[in-house]
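Listed next: structures, encoded as structure tokens.
One chain, chain A, links the two complexes that follow: it is found with chain B in the first and with chain C in the second.
Here is the complex of A and B:
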């Protein structure tokens, strides 16, 4: 449980920082990095969840644009190489996971006797 | 296309798309709630809250499966392109359905103890070293977080600000989310379910996604057929009017060689908006039109017509012995490259 509490605290900290970054970016920074956003205010609340969730990327891109490091050719690099790699997950891994899990069921095709699991030790129960 | 950002670019097609989607979702959930209780194991009656969480959870699974099928379906058959048009709204609605499932889970399984529900969710089962009894909830959390990020960054602003390669890379996480969802279902619901119908439906969905990706992968052009400064494309008449021939280039990029009446021009195959396959689109009013979202580029310079500012790289073309040849090196985005005139071909 302590680990869970720690993870949640980290998550909350991340989101609070994100909220601050998002507020500054959407109120001020966005006009500096995106010409089409200048004078357009109504759509900005819609960007708030995204800015909060990916604030490290927002800061990184913002910095790159401010420094003039944005690569003009970047938008035209072929995107499909990585897509093929990722699609391997759905082509091979997903059917394998489903079939494997069904085979492993205690009352599945490879039926195995049910196993009585040992009760957790006193110390483990509170981890 | 828009020269200034607005919250959502609605039009009649999007209203129709979203309307049909919402009606289908509501119908699925209502039917599940109506038929779900009798279909469950009668020896262990299912509570209403569990039924609702299963309704939303399974709905999210099937929606995610459909989303992943749309891309390869559109590549295999142009008639599925309209499904791709508003896929981002599909994704946002899926994220909301998955979130509803998670809220039901939290408010039922983890709500009746003094421990904070989120702490209880993360800490109740930490047996990560075993397959049976694996804390499948964590897989669902990972998938939900990914879906939330994808939904929250689906606005065109993010595409432009992050740049298509980074945005696309971020959104490729949908494959990871799907893998997590499949494992979440396989190690959770399917371990306990006594009803084979859903095991079958889940399996068929995953197989459909896998099969369609495999088919689309097999259909995609592999490697460039040439090298050097110029490579052969085709004879002019081999390209249908208003359509394109897509070529894999030696540098790994793809070019699309279009014919518009008696003009032939070449652009990068990747749309500047979302890297859509321009070569699968058409020439409309002299502009190459992306089949995904209708972004347009002039054939002669790869620029969107004013007031729009998008640009794609162009390629130089030449005719040799009645065959179109394309320069292997692309021009900078928006560089004029005079289209070939088919009439010229007859005299070369």
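Here is the complex of A and C:
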């Protein structure tokens, strides 16, 4: 198996496991983790893609709740101190990266003439 | 109006009458704004060209295995006699394995035709239905005509995507795809900014006339300049590039 095939197989395996974890979590586990989700179903498909992608985190947080290790106050804590700083960095970094890429990209002139450096060699190239 | 009487919007609740016009305006404005963004984004894209898959095609001709498998057409209802076709397999695979041992042989090919201007490619069907040696007297392959050494600018593309398998099959955004195609054995072509002997498409070869894939991967999808010996193999212009001269134009 080549490296690329191995990487693809690992990615596929990860996503299949994620699909199973997400399905179980959204069908059953979320009711145990978040009381307000009980009886609410319409929003659950929206969480499916994210849960498939970060299923290890979903599983870990779910296990913490099941074992009683999760802090019930955690969802109500104010944002972390650095969160505001990071959001500001993202707000400015994204346009800067985009504009920088536009400035740095190749920009012609596209009509460059071909230059003959040596005349055809009669007979030499014939095979 | 006190806070208690001020209308308050909740997504899942009934719309407060006082907010209907305001929310309608917001919704309409968003639709127009996003439609405008979509239009501007689409309108500023480069034209992907007319390249496309254009149906099943058959041909008989002389197979040339080096630098990459091409067919010099000697008989076909779909292609002009004397024209040359880039031969590819399905997906990102070349047909070097199937063409090995058939260099200079008269073969019948069949597959999906990909065409874009002067460049034509054929994605062969599987097995002998796609490529089959014919039991006929050997035909002389077209003579190689030397056109001299040239310095040319342009972009290295994979011959299959550029010919129309993808739209657009060129540019920086297509670099990774093109490299995977080239690694898989698809013939690389230089799409030049100027014509030599009436053509702006050149099949790339190494200095020795063999394949050159490994030495060009870093320069695919960019506007580059290179030097090399230009030759005409029948209907196909071949550029034997000098990898030392490859450079990205700033």
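We adopt the following convention: the second predicted complex is superposed on the first by the 70 of 127 C-alpha atoms of A that agree within 3 Å, B and C clash if a C-alpha of one lies under 4 Å from a C-alpha of the other, contacts with A are read in each partner's own complex, and residues count from 1 in each chain.
FYI, a residue touches a chain if its C-beta (ideal position, glycine included) is under 8 Å from a C-beta of that chain, and two chains touch if they have at least 3 such contacts.
Every value quoted in this text rests on a predicted model; they were computed, and no experiment measured them.
Of the two partner chains placed around the shared chain by superposition, chain C is the only one that A:118 touches, whereas chain B remains out of contact. When the shared chain is aligned, chain B and chain C each come close enough to touch A:106.
A simple residue count on chain A separates chain B from chain C, and the partner touching more is B.
When the two structures are aligned on the shared chain, A:90 is found in touch with chain B, with no touch to chain C. 105-106, 117, 127 are the residues of chain A that lie in the contact sets of both chain B and chain C, per the superposition on chain A. The touching residues of chain A, counted against chain B in their complex, run 1, 3-5, 7-8, 33-34, 36-37, 39-40, 42-43, 46-47, 49-50, 52-54, 57-58, 61, 70, 72-84, 86-87, 89-95, 97-102, 104-106, 117, 127.
Those residues of chain A lying in contact with chain C across their complex are 105-106, 108, 110-122, 124-127.
If you check the complex, the residues on chain C that touch chain A are 143-153, 172, 192-196, 222-223, 225, 227, 229, 231, 248-250. For chain B in complex with chain A, the touching residues are 2-8, 68, 115-116, 118-123, 126, 131-133, 148-149, 151-153, 155, 157-158, 160-166, 168-170, 172, 175-176, 178-179, 182-183, 185-187, 190-191, 199, 202-203, 206-207, 209-210, 213-214, 217, 220, 252-254, 268, 270, 272, 275, 312-313, 330, 332-333.
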